[in-house]
Amino acid sequence: MNKSYDVIIIGGGVNGCSIAYYLAREGKRVLLLEREKLAGKASSAAAGMLGAQVEVTEEGALFTIAKESRAMFPSLQYELKEHSGIDIELVQKGMLKLAMNDEEARHLKSSIAFQQKLGERAEWLAPEQVAEREGQLSDALMGAMDIPMDGHVNPARLTHAFAKSAVNLGAEVKEYVEVYSLIMDGSVVKGVETSNGTFDGEHVVVAAGAWSKRVLEECGMTLPAYPVKGECFSVITDRPLLSSTVFTETCYLVPKSENRLIIGATMISNTFSENVTVGGLFQLMEAAARVLPAVKSATFERSWSGIRPQTGDGLPYLGQHPNYKNLVIATGHYRNGILLSPITGKLVAKMIQGEPVPGYLEDFRLDRVKEHAKG
Amino acid sequence: MNKSYDVIIIGGGVNGCSIAYYLAREGKRVLLLEREKLAGKASSAAAGMLGAQVEVTEEGALFTIAKESRAMFPSLQYELKEHSGIDIELVQKGMLKLAMNDEEARHLKSSIAFQQKLGERAEWLAPEQVAEREGQLSDALMGAMDIPMDGHVNPARLTHAFAKSAVNLGAEVKEYVEVYSLIMDGSVVKGVETSNGTFDGEHVVVAAGAWSKRVLEECGMTLPAYPVKGECFSVITDRPLLSSTVFTETCYLVPKSENRLIIGATMISNTFSENVTVGGLFQLMEAAARVLPAVKSATFERSWSGIRPQTGDGLPYLGQHPNYKNLVIATGHYRNGILLSPITGKLVAKMIQGEPVPGYLEDFRLDRVKEHAKG
Amino acid sequence: MNKSYDVIIIGGGVNGCSIAYYLAREGKRVLLLEREKLAGKASSAAAGMLGAQVEVTEEGALFTIAKESRAMFPSLQYELKEHSGIDIELVQKGMLKLAMNDEEARHLKSSIAFQQKLGERAEWLAPEQVAEREGQLSDALMGAMDIPMDGHVNPARLTHAFAKSAVNLGAEVKEYVEVYSLIMDGSVVKGVETSNGTFDGEHVVVAAGAWSKRVLEECGMTLPAYPVKGECFSVITDRPLLSSTVFTETCYLVPKSENRLIIGATMISNTFSENVTVGGLFQLMEAAARVLPAVKSATFERSWSGIRPQTGDGLPYLGQHPNYKNLVIATGHYRNGILLSPITGKLVAKMIQGEPVPGYLEDFRLDRVKEHAKG
Amino acid sequence: MNKSYDVIIIGGGVNGCSIAYYLAREGKRVLLLEREKLAGKASSAAAGMLGAQVEVTEEGALFTIAKESRAMFPSLQYELKEHSGIDIELVQKGMLKLAMNDEEARHLKSSIAFQQKLGERAEWLAPEQVAEREGQLSDALMGAMDIPMDGHVNPARLTHAFAKSAVNLGAEVKEYVEVYSLIMDGSVVKGVETSNGTFDGEHVVVAAGAWSKRVLEECGMTLPAYPVKGECFSVITDRPLLSSTVFTETCYLVPKSENRLIIGATMISNTFSENVTVGGLFQLMEAAARVLPAVKSATFERSWSGIRPQTGDGLPYLGQHPNYKNLVIATGHYRNGILLSPITGKLVAKMIQGEPVPGYLEDFRLDRVKEHAKG
């Protein structure tokens, strides 16, 4: 007889681990399966920005869920530290979204008005105010949107903290186990066939990021999603160049501990290659030097990339599969995977326990889109 | 319309790349697909031993094919250097298989008799002859079998040399492309469905090492094979400790350039984890120090592991699929993947071109085994 | 004219950086010179144990200063976080010093009595109490000394936190600058000659660890000290194997975040080589597996070594040079460099400012020893 | 009594190791001392270009010695392979020096005329000829100088091959031993004081690259030389982009095996910092993309730097010290360290054996320059 679980989670990235954590807290028997190592793909590659207001600028379900998830971090950091001993390095020193020209300035000002109307904190900084706040930024800026509530975490540590907390609460986590296929019985998923044998589960969650599509396509299900590579690099400086995170149309710069700056990210669609290209680095360096000239004297540390799951309409998939009620999909988080991980874990736990979930989840249903994703 | 090829090869390890090379030489339009990077798994992890006589000690098809493949290396090194510019670092300074006790000595002597009867070079060295040849070996040895024809190559370089030669001869090689499933039409394979779209092929070759099973199981085919992890480590010494490769029942030591020694390998069945365990290293260090005490003063360099494909009866699978005539399987090479790669490439090219192949391939047929592999 | 400083510090390890921090806090113009990178040698190699009671077991100045320094950490962590943003990862979950046989048990019990007499917390745990506290330890133990106040930090982070705090308080830190010689004028040090030119200083501090001897010998001063290499390795486990730090006569095991264990350290005298030997690793693995059998299943992560400065009598050198009053020496901390760094920084700052210092510093005078250090 | 040697060599870079080799061949008792690891600094950082005609473009001693040294490589590769088993990966597929504008074209044409007059092979390629030879180069080029005899080696392997050959011929090589000072007796050097004790030598050779100055200044000798950092990076491509080495005023591109290209190098004076700056990488990427646009799609592999010894007049120092007849200096090779290593070893061996040396060595005397080096 096969070993049996309440929930089998496919994918050991930040969302899979968050789901494992929120389910383990409820006493569920959880098995998490990861093909390689935990946090081995996009979850480690991310800069860890919690850019609820900077990344998402239209009213709607994504904005709502992003703010809700961001609000979970301050208490989550203590919770995870308690369960796992791991500090997720939450920093909430605010974010500046820079206007490099008049058009961007106009756009930011209208975004501020929109955010304020929704009750969010956001305000306009004139060039001299930006200069006072961040003395190393280029003096060619036209101003900035100041978002005091956005911040960042250490994404690999967050993922490990979720996983270790889940394990300490009784979950099983298996690395280097590949799921070959879902085991179906009519419209019910019974378990998974893996490189390590067969496991039975009452529920199965697919949270495999850009690789979720493969798992589903094997079972004849389509998932209108595609991978988008993001290339990044980090630098070390003698003195801190920035205190806030800085965001522009062409790059972002996230100040981390020990005078490290993470600079990202390109967007290259439809590739699973993790290669970092010379052209990608060149473009990021140029963009970063335009806003922060002193970055040219910084010490280059390393470069890397992550493969993020994007969907046709830019919204994640978060909910039960329309045809298989005990199959839950949680993917398509694109650039917001770290930010959205707490709420993703919490909501999936609710779905699986049959508890009521917010109405905005309608927008993240898998069958909302009829046509295929474009690249 | 999908892009169409004569042959699509799944797997960018040493055997997939060798097959690509031998087919590209014949003018075939070849596409090789690799899920991660070329030579990223067992083909880089190997020590590169060409142990035709030391690894294979029973008469039969495996012994025949091993010797045939070993004989290809001397000319292959020039061929690949010519096509790719890469030196595969072939060394044929012989191998010593050590007897640590009387029983092993008896066993080796009978193995020598057997090999000589088959016309192979192999002879017994008494302890003092071993000491004269390799002054650093333990003086507790009971003698050794001397195999002058066995040697070693650089396995990652061999893989890249095959791949680059194939590319220079017109093949296409795509890294970071995952094959989701084979496209079947009755008993004919029409192509592959991948993370990069669909490709049509007149023939498909599965040469994905320990991962071959997954590719086939998705199509409902079983492959009685299982993964066996081998852990290794390397050391650097001030002066060379060995000139021959040394082989015992519990470890091997392969002298490489720049005073590097590679020491391997454990055998841990039924795991895809590439983790190197403390226990594995400890066991190898103990075994190595028993035959070569000076290794304790050597500088530890690094450790790694490879996941090798083993079969139920220890013989590789090499031939057309019994039910799908245009599908070729080449896997299950276990510890002999590097050694067997030239002959594997050459024979698969012959099969696909419809040329006659040796009768011994009967022993490597996929349907020779009725029961499942054990672990 | 050369640039001039109140204090020039030679050495960018944990003690040089601590000294820079405590002087910068007092408003001194500080220049710290490091030949390579900050925290590049023993300060990064350390496991970061704060073993005041476990490492030092005789009454005397070293025990006094060790306890005094340990007591500084709880507030220091906040101070450094405030100034630098860096979390030094202080953990004070106690330490167990294990008795592997009756003799060790007797020895530990008398050590406990001695510590309690001095008012320190330490108590004996019988084997079953040890097992209750740390379920994974070998059941062949004879008991343990429980030291609730000892703990550990992240030593590289501590060093960077001192350096970055010093910089934020106005100090200058130059990496990749080598001091060629001290500039003397009779019995007064006037500055330093470096690969980056000449710098004038009213005081010079030599805190260059095992490399301090070179700096002084160039000026004709002898320093009875010698290097001792310590080799270490780290492992990762699925679940935490230990919660306390564990210490035996032959190894220590320090549990770090993310299920990492650091295991150290060998003691190899009179070498500056940072090579890790197979023999050293083997010995540590054997010792670790004897007390914690489950470590054999742990994943080996990496190995490294540090070169620690030891003195003839095992006590550090901490004080003004007997012949050059404005030259301060702070080295010879051996295995206690991390533990002693706060008090070292604080006391050197006092000396340089002419403030009164504790009488126990007499024991750390440079001219206490007449003969040369043995190896 | 101290151990005594015929020759003590300070510096384990390519020139120190070459000197050790040529002396060991003559039966001298040689001790080579290296502060860190062999080939740890500029000798590993180099791209290994043998640019006798491309780097040196004025008649004179440097041109003569460069051509003489280049001519030694073809036989040296076999010699070193024989002694050490190491292949130095000599490639002599020629070099192209590109003209990016009319002025550079005129300059190159006159350089060709000058080289041909001296009997060297060099010829002008019109833009279409360049395009035919190297199809990936920018079509905005104005032509190129074709130098068929220049090529490249693997510089780390060359250094190790020299060292291992020397050891196999009886030399002693000690890593991690730092020379504190030379031991002088009037105008005679008697040996060296090191971190590993005192060694007596009849001759001492300083071949410590950019660190030579320190060794000499400690003994009150000045050396008009300064360090120049060179930053580089490497890329990997799917197919080879170049077959010849390509050289411009702002960068060079050296094709290595396995589709690797090395791109270098910046020139940053008066620093020993090995940090690679964002600005340096950006400048190299821009320069490389201007001549080879396809490099933008290449995969970035890694970046590094080397600290090269430059002199006031750009010529190396190669000869006996004017005041200490048994002290030989061999440094200041700047960008030609790899190229000049064979002749450097050979000539130093001659000097030490009292054999006649070429007259051009007058130009490399240490006392040729009266003023100090500029930076």
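In order of appearance the chains are A, B, C and D, and numbering begins at 1 in each one.
Assume a residue touches a chain if its C-beta (ideal position, glycine included) is under 8 Å from a C-beta of that chain, and two chains touch if they have at least 3 such contacts.
The shown structure was predicted, so the numbers you read here are calculated from the model rather than taken from an experiment.
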{"item": "Co-neighbours of chain B and chain A - touch as defined", "value": "C, D"}
{"item": "Chain of greatest Cα-centre distance to chain C", "value": "B"}
{"item": "Rounded Å distance, chain A centre to chain C centre (Cα mean)", "value": "40"}
{"item": "Computed distance of Cα centres, chain D from chain A, in Å", "value": "48"}
{"item": "Contacts with two or more other chains, residues of chain D listed in rising order", "value": "275"}
{"item": "For the chain D and chain C complex, residues of the former touching the latter", "value": "175-178, 180-181, 193, 195-196, 213-214, 217-218, 227, 270-275"}
{"item": "Touching residues (chain side chain B, partner chain C) in the complex", "value": "235-236, 275-282, 285-286, 288-289, 295-300, 303"}
{"item": "Chain A to chain C touching residues, read off their complex", "value": "85-87, 89, 157, 160, 164, 167-168, 173, 238-240, 257-259"}
